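After this come two complexes, each holding chain A, first together with chain B and then together with chain C.
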Partner chain A sequence: MAESSPDAILQVRGLTHRFGGLLAVSDVNLDIVRGTLLALIGPNGAGKSTTVNLLTGVITPTSGRILLEGQDIVGCSSSAAARAGMVRTFQNGRLFKRLTVLENVLTGADGRAKTSLFDAITRNSRFRAEEDAFRHSAMELLTELKLDGDADRQVGELPYGKQRTLEIARALILQPRVLLLDEPAAGLNSGEVEELISYVSLLRSRGLSILLIEHNMGLVMRLADRVAVLNFGEKIADGTPAEVRSNERVLEAYLGRKASHAAG
Partner chain B sequence: MSAQVLQLAINALAAGCIYAVVALSVEIAYESTGVVNFAAGQLVTAGALIGLSAVAYTKFNFLPAYLLVIVGMSMIGIVFLICVYLPLRRQSVLTIVIGTVGVGIFIQNVMLLTWGPLPKSVRSPMGSGAIKFGDVSVSLHVLYVIGVTALLIIGMYLLLYRSSLGRQFRATAQDPEAATLMGIRVKQLYALNWILVCVLSGIAGLLFAPMWLVDVTSGDNIGLKAFAAIMIGGFGSVPGAILGGIIVGAIEIFGAFYVSSAFKDALVFALMFLFLLVRPQGIFGERAADRA
Partner chain C sequence: MRNLPIVLLVLVLASALVAPAVISDFNLRLATLALHTSIAVIGLCIAFGWTGLLHLGQAAFVGIGAYASAILTTRAGLGFWTTMPIALLASGLVALCIAVPMLRLRGHYLALAVLGFNVTFEIVARNWTKLTGGFDGITDIPPVFFFGWLIEGDKGFYYLSLFFVVIVALFGTALRHSRYGRAMIAIRDDELAAGTSSVDVTRIKVLAFVLASVLAGLSGSLYAHHATFIAPQDFEFGRSVTILVMLILGGESSVAGAIIGSVILTFLPELLRFLGDYYQAVFGVLILLILIVMPNGLVGQVQSWRARWAKGRSNG
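Presenting the complex of A and B:
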């Protein structure tokens, strides 16, 4: 098992997934160095969503390994993968709309709870101490993200931009080892995108490792330490933003199609 | 005259409480899993009959007997989870709903084999006493039914809206996949859900049994009335289930007295049809378009 670079928090080796006869993801290798941001890009249908689903245990790969801090998490259920530290946000917003803002963040904390169902039913002191600690850190997060004033509002009432921010808060409270941001800028206005960029940079500067799946190339080029490019389920390039930007295959496969994609 | 109305109103409230508890159990299953539990009526009977045997077994020590009922109903919930819900979970909801119909038939026949077809009378832990307020005489059991129901409703509210468990419960109900990806142990919550459903139905059985005779089919009617209560109160609304239950109880008791006891069920279902025609979302229900 020795592709031992101690700095890699996530190592994906030979990740392959077949839907029937279709190779959705084919022999993909990815590395995230601790405290850095890897952007995963590619045209629609390149296999980005499938990769995210594989990483988070929603689907089990046909073959390949996913090493999180050296631990293979292939075969883990998605809730176990989340508890192991692989936490995602959702492209199209999967907040619990009929819960309040604070409750949404706390559901993230619940996944981290050390106390058992029994503790929760009996509400013993261990449970109450943990719940208080969760509430405290949830409020801290909300304050940092300027959502503290909305803590008791139903999520369905929040403006879209705040909902996207809240998703990040809900993921962060799980204390992820790797945070998967699935198109966090989708639907945001330019001011909100700027806030997102500075917040993601802040998270990285605190040492969080991030996998960013994004269509917005401006965002990718500004944030990414490295960029991996998927096309038809295969990784066609992997390098610094500058290297990827000048890579022939990428220009052909991805940037060449971008104009037609945007028009469509 | 007014004393009589008051007396009827209290009896109506007690009957309504029983429908409300069953409606609450159906509502919880629906909210958290999307499954309409058609075994509710049979679970009510199971609670009543297990209660009957448990009370006899403990020689009329009601507290341990009722604890036995709760344990028994929890076990039914776990068996249902393992044998029906988990294997069918990935199928369409309708498949599971049909599964609950099958479970209902199964439970009913097991009860028929165990307890036989004859109706039985069941004692109340409150005995058969009554208190008089002027001209109004209220049986202690009726007050007990109302009190227990109030406690159950408060308890369910605290559980669902004031505890971390309830938060996870509601999150899972809204989006099980996202809940899983937030690290929530969804299967444990499903277990809790079916245990709650069975225990609530069982308690409804314990409450109703001393008021009427119990046989293996007596819960069926209660289950149907609970569905009527939910239709009237509004599918997807917990307060609606409670209010609907009380409305059904009121129509039944007042209808039996002022119209005809032969028509009391017809009146309940006539109101349900009226709601389906005029206000299909019920009193508190959201319109289908508002959900999702």
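Presenting the complex of A and C:
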């Protein structure tokens, strides 16, 4: 098995997942070079969401390896995968509705917390120092994402666009090695999409490695350093945006040339 | 108005302190019962209200604490201040032993498993006559000494219970406003997202279940010494349901709600006593109505009124 450049922060090898008789993800290899953005695209049902669930420990693959900084994280729980640095957002927005905006972000910092139950109950100096530090970095993130004015609101009171942004803040406070954005533009208006694009570019320019799962091709072409294409659970193409755009198999999968004969 | 909760808290505490001088002996007894019951309800608030574990066996853990205290004081001659920590430990340890396999079960299965444990506890308490006194229970549980001062009768016990309720309420509030409280609520709101946000879901669930049981143990220990007599039917499954209704009535994710719910549900049967045989039916309908009208409990209702009031003021 070819080990690729040492600068790959994430190497996925032979990732396979079966749901009963269905091969949802089949022998997929992916590489993310440190500090770059890899977009994962494909038609509906191509296995993109399953792949994200496999990478973040939500489900365990049937076979394959997921090497994060050389460490295999297959078999880790979702919590352990997040602590190892694989942090994600969800395509349909999964926030904690009984917590405030600030508390939602703070929950994302749980994996960094060092204080014990005893510290928390006695509210000793260790606990207060940690809590203050988390609140400080949470407020920094909220300010950067223009959510600081909403810090003490319940998440249900936020408009949809802000809820999506809040998920990114909750993921970032954990200081991920790889940030997985699962269709972050879904349901956003064009102004919000532009803000999303500039924020994701900013994150990448700071050196964050990103896996972007997206339907919006304009967004993918503008942000991606590389693009990998899935179809029926298999990777059918992997290259620069320009290469992928002109790839015959990709056009077929997306435009369904063969299928169009049958339909027409 | 921003200081309203604090003003209310001071008022409630002040009236709680002077209450024994004003109310009848019978009501004082009920108030004391409501106080130490509320400790078990606060426990359930942690496990169910925050973490979302459908826990239908809290009475069994109250029972473990009560029997542990009762057996150790009557047989080994130990005092309350020795047996009470042992009672907490016993409830907590039993909870830990069943939590680990049980919390692999989700939703209804967990509820059924804990319910089963409650029924089993009752059967064991009825039949292990040598240890528990069987159907007759344990009598003559000694009173509590506090630094050589005998806490006997209802007045002393009322203040002892109030002391513990205040401590437990402070504990619950500190827990809620820490990473543990946030993690628990996150698990109930969205378990999957809690996991991917780095919350160790299983560990937090076990912690919530064990803490709930430790508080139940404290409640049981106080109950045993207050009542001086315990029997298996005090800890039957129906009692677990009552504790759950107390929590939901008060407001399922609020420590204050847990206390309010247990006070109301302890006094309500007495207030409805004039109904005679119809009491159970009226009581049931009343509870049902409250739950339909105020699905978030009393505290939830007050909070939504306050939010509406604040909104109206900022708009006007």
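Worth pointing out:
Following the convention adopted for this analysis, the second predicted complex is superposed on the first by the 247 of 264 C-alpha atoms of A that agree within 3 Å, B and C clash if a C-alpha of one lies under 4 Å from a C-alpha of the other, contacts with A are read in each partner's own complex, and residues count from 1 in each chain.
Just so we're on the same page, a contact is a pair of C-beta atoms (placed from the backbone, for glycine too) under 8 Å apart; a residue touches a chain by one contact, two chains touch by 3 or more.
These numbers come from a predicted model, not from an experiment.
With both complexes brought onto chain A, simultaneous placement of chain B and chain C is prevented by a clash. When the two complexes are overlaid on their common chain A, residue A:Ile121 makes contact with chain B and with chain C alike. When the two complexes are overlaid on their common chain A, residue A:Arg98 makes contact with chain B and with chain C alike. In the superposed pair of complexes, A:Gly111 makes contact with chain B and with chain C alike.
When the shared chain is aligned, chain B and chain C each come close enough to touch A:Arg83.
For the contact definition in use here, the residues of chain A common to its chain B contact set and its chain C contact set are 56, 58, 77-79, 82-83, 87-88, 90, 94-99, 103, 106-108, 110-113, 117, 120-121, 123, 127, 131, 170-171, 174.
Chain contact summary for the complex, chain C toward chain A: residues 171, 174-175, 178-180, 182-183, 185-186, 188-190, 192-202, 207, 253.
Residues of chain B that touch chain A in their complex: 163-165, 167-168, 170-171, 174-175, 177-186, 188, 192. Residue ranges of chain A in contact with chain B, taken from their complex: 56, 58, 77-79, 82-83, 87-88, 90, 94-99, 103-104, 106-108, 110-113, 117, 120-121, 123, 127, 131, 134, 170-171, 174. On chain A, the positions that touch chain C within their shared complex are 56-58, 77-79, 81-83, 87-88, 90, 94-99, 103, 106-113, 115, 117, 120-123, 127, 131, 170-171, 174.
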